[in-house]
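In the two complexes below, subunit A is the common chain; its partner is subunit B in one and subunit C in the other.
The block that comes next holds the complex of A and B.
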């Protein structure tokens, strides 16, 4: 039976491979048999992978330990949800998920109405070439349907840290973002080949770009939130290679969405937009594969399976070198005449493009620095968070400045004096707010105050420009997406900075009945509960946040001792309040008469997540909003 | 012929990066020489990370016998991988292993040790990074072996299991 399942899984992959090869022919022949069957073939590509993926999930839910992948990554006692998510919580399965989303975007695009049929076929051909590369990789080097030589009675994968609902949905969402840019990439390369990069092209590209960007943003945010409550370190961003790998395409993509809008409105910046589209997808590829395969974390994981590493690297190389060659040959001369004054929205967007690329470069350097020292000094070192904070802070100030000014000035040529007039109330109110804040918190650090000041202006100007618009039009206006995203970004940065400045934490050795004090908060250590669950024992401490003698909030941090495999996890207890998060973690200690707890008071965390949600909402709106064209 | 050479820059970048990644795949870590070898540890006295322990002083490590000083930080990912190796080293061999906690938040450093175990006799807190500069530390992690008041070996980067067997343990055995 297992033989048949394994065979049909592989057969489905081969069917997808074969149809993709047929589709890719459209790149070279203008009028072949496949030309008329593009929609049908795209459906076949997609359906075959859906079926293969369903088979894999079925194997995981059945705990079929006849298969290698299930044996290594599942366990019969795993909760049902995590059996399902176990299907993509590993290299082979996540590759299949990656292919699934590739074919999905291909399928969705094949359904879309595109006037230029030849161009559409080219896009699908390029997308199919990508599919070929990954399906081959899956069949030959990362086959999810490999059978065990002898069937096993139990699986090995019951890592409790990975059993988390957020971790189950985080990879698919992140992948939607990464892979979404594959279509943007295909659209760009096909556009170069057909020499039709213009405002009509940008109109198609815009929705897909915003869609992918929104998913990528949401994926990063989910990962960050998971780290915040699960790792128990009180932080939400650690600048580790895996996080950086998702941040880099995001930075490029953020530059890209702005350029696509400019291209659509003004029919300029052709070659730069296309370059960003290619770079964004390249970084997505690098992000998922080089990092997940372990190159950036430890050289040795990768070396343990040199075949995979070499394949991915060669494939990446081929895709990138081909696309950049096409870019070099075709992009010369595609830029339409574009003149604008230094004070104009065009100039502002261009400056911030460079700022984003600078940040991208900083993150890139920080991420590959360990690899570099590994080669040159023969060692792997990590750069600390202070490197990123020190280098990015000054650039962020420029970014904020232009985020504030650009939307207020006109396209092509604007006047700075107009901006100041438009901003006068906002300037005065922000200045007062910052003064009050700095006096209240006794904060006089110029850098932080500047950033906070600029963030408040950004939020206020974004909101006010949104309101003025919505008086003229009804509800959805072209700038509403920007209003949401930009004010969300201001809120996010405001929260990040004030969080960095005002966060407090302390470690206590506590006995039952103790009263603990951290800044203005008083906590009472009420009791300790011990209980047994199906697969773990738990020690739970109960704390209350006290207001005079009233219990205001309850905390129940926990330490869990899992039996199989023997693992200890510490479960944080977080209470979200409007202006601060309170975060209690128990530490594992040998002491018997007292427990060690760490209490964090983290201000503005709620605003941080609200900021992120606003950014995402802005992205969602922008997928659907149609922009007006501006005659330059 | 295209006029502008700038369009070809990305191609060049990709080639350079690919070569770079390719060599990263087949690269191995090993030791490099350092001016500190053969000299005593520079003078320092650092507060201990562990409650109730005295300061970590250079005199303690410059005494007769063999000592190991490991520079680490909780924010350093390779240190995490290396930590297991240090635990093994401490369990299997009778060594005097000291830690130097580099530019770290004490609470996070304590949490790191509480979570992953403590292989160290004592841990000095170098929050400013001054001592690390005196030691000539490139970055974290790094490990020094000191015998009879002289640094005899410096290891840059995390110690891998194979290196523990092939390099570190022979040096330690040699000293007895």
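The block that comes next holds the complex of A and C.
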């Protein structure tokens, strides 16, 4: 029976491979058969991978230990949800997920209405070449349907820190973003080949780019939130290489979404937009390579295999060389004449493009340099988080400045005096607010106050320019997406800075009945519970935040002892309040009569996540909003 | 006076200067924030006047862990040849144990004492930091595959 399942899984992959090869022919020939059946073939590509993926999930839910992948990454006593998510919580399965999303975007695009049919077929041909690359990889080097030489009775289990509802959905969402840029890449390369990069092209590209960007943003945010409550270090971003690997395509993509809009509105910046599209997808590929090859020394390293790394690396280089060659040959002269004055929205967007690229370069250098010294100089080192903070801070100030000014000036030629007039109330109120803040919160340095000041202006100007009040109803303007995302970004940065300055933490050796004090907060250590769950045993401590003698909030941090694989994890207990999170985590100690407890007070965390949600909402709106007024 | 060529030249030179300055700042910052990794043997040979933050990795020596009630822990890290005493104030990670691989970050003080500011935890109890594997291989004390 298992032989048949394994065979059909592989067969489905081969069907997808064969159809993709047929589709890729459209790039080279005007074969009428393949050209006329694009929709059908795209459906076959997608359906075959959906079926293969469902088979894999089925194998995991059945805990079929005849298969290598299930044996290594699952366990019969694992909760049902994690059996399903176990299907993509490993290298082979996540690769299949990657292919699934590649074919999904291919399929969705094949359904879309595109005036130029030959161009559309080229896009699908390029997308199919990408599919070929990954399906070959899956069949040859990381086959999810490999059988065990001898059937096993029990699996090795899934790493307990991955057994988390958020982490079940984090990879699909992140991949949706990463892989979404494959279609943007295909659209760009096909556009170069067909020489039709213009505002009509941008119209189509815009929706796909915003879609991928929104998912990438959400994926990064979910990962960050997971790290915040699961790793128990009190932080949400560690400048870890794996995190950086997802941040780099995001930075390039953020530059890209702005350029696509400019291209759509003004029919300029052709070659730069196309270049960004290529760079963004290349960075997505590089992210996959960095995470999946195991070359990174990361807190998140889950899989490693040099052979696989080599394949992805070769594929990455192939994609890079081919696309840049096409770019070099075809991009010459595609730019339409465009002159704009230094004070104009065009210039502002261009400056911030460069600022984003600079941040990208900073992150790239910090991520790659340790790899370089390790491989070439044979020296082990790490780049500390302060590198990123110190170098990015001044650049962020420039970014904020132009984020504020650009939307207020006109395209092509604007006037600074107009900006100041438009901003006068916002400027005065922000300045007053910051002055009051600086008196009350005296820990802020001048740089931090500058950033906070700019953030407040950004939020206020975004809101005031985004929503126009008419007599009766609020009209949603095309810029509402920008309003949400930009004010969300302001809020996010505001929260990051205040959080960094005002976070507090303290470690206690606590016995039951103890009273613990951290700044204004008093906690009581009430009792210890012990209990057994399906696949772990747990020690739980109960703490109460006290207000005089009243219990205000309950905390229940845990230490879990998982059986398969045998691992100990600390579960944090977080209480979210409007202005601060209180975060308690405990650890096993050598001492028997007390436990180690770490209490964090993290201000403004709620605002940080609200900021992120606003950014995402802005992205969602921008997928749908056309550049005309829509009545709410 | 301002011919298009001259304009373009000024633009080009200006961007070159901006580029050069920013790269200089970035690289300078990078150099300042690098944390080098040492094995106990390498640390012994190190010029101890270096007060920079560094990382030390190896195995936690058998029977060396001493925990005091005020959250101060003392233990030793070895690579089979040399041993370094470490002092750490804070919570030790769950997977910290004798004979297991560990990486600590902190400062090395002259009298052979390493003041750890961080003890880096990994998630998997069988996980061995790659640098520790390398240094154990170098001293010939690596017993894995």
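What we mean here is this: the second predicted complex is superposed on the first by the 605 of 632 C-alpha atoms of A that agree within 3 Å, B and C clash if a C-alpha of one lies under 4 Å from a C-alpha of the other, contacts with A are read in each partner's own complex, and residues count from 1 in each chain.
We take it that a contact is a pair of C-beta atoms (placed from the backbone, for glycine too) under 8 Å apart; a residue touches a chain by one contact, two chains touch by 3 or more.
Just so we're clear, the structure is a prediction, and the values are computed from it rather than from any experiment.
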item: Overlay on subunit A: subunit C relative to subunit B, clash or fit; value: clash
item: Which of subunit B and subunit C A:587 touches, first, second, both or neither; value: both
item: Which of subunit B and subunit C A:324 touches, first, second, both or neither; value: first
item: Partner contacting more residues of subunit A (subunit B vs subunit C); value: B
item: Partner chain in contact with A:361 - subunit B first, subunit C second, else both or neither; value: second
item: Which of subunit B and subunit C A:559 touches, first, second, both or neither; value: second
item: Contacts of A:72 with subunit B and subunit C, given as first, second, both or neither; value: neither
item: First, second, both or neither for A:544, with subunit B first and subunit C second; value: neither
item: First (subunit B), second (subunit C), both or neither touched by A:411; value: neither
item: Which superposed partner A:387 touches (first subunit B, second subunit C, both, neither); value: second
item: Touching both subunit C and subunit B, counted on subunit A across the two superposed complexes; value: 297, 299, 379-384, 386, 507, 570, 587-589, 596, 598
item: Subunit A-touching residues of subunit B, taken from the complex the two chains share; value: 2-4, 7-8, 10-11, 14-15, 18, 20-32, 73, 75-79, 81, 103, 107-108, 110-111, 114-115, 138-140, 156-158, 160
item: Footprint of subunit B on subunit A - complex, ascending; value: 232-233, 238, 240-241, 271, 275, 278-279, 290, 295, 297-300, 302-303, 306, 309-310, 313, 316-317, 320-321, 324-325, 327-329, 331-332, 368, 370-375, 377-386, 505-507, 570, 585, 587-589, 596, 598
item: Residues on subunit C engaged by subunit A in the complex (per definition of touch); value: 22, 25-27, 29-30, 32-37, 53, 55, 65, 67, 69-71, 73, 90-95, 122-126, 129-131, 134
item: Complex contact set, residues of subunit A against subunit C; value: 159, 161, 297, 299, 358, 361-362, 365-366, 369, 379-384, 386-387, 390-391, 507, 509, 559, 565-570, 587-591, 594, 596, 598
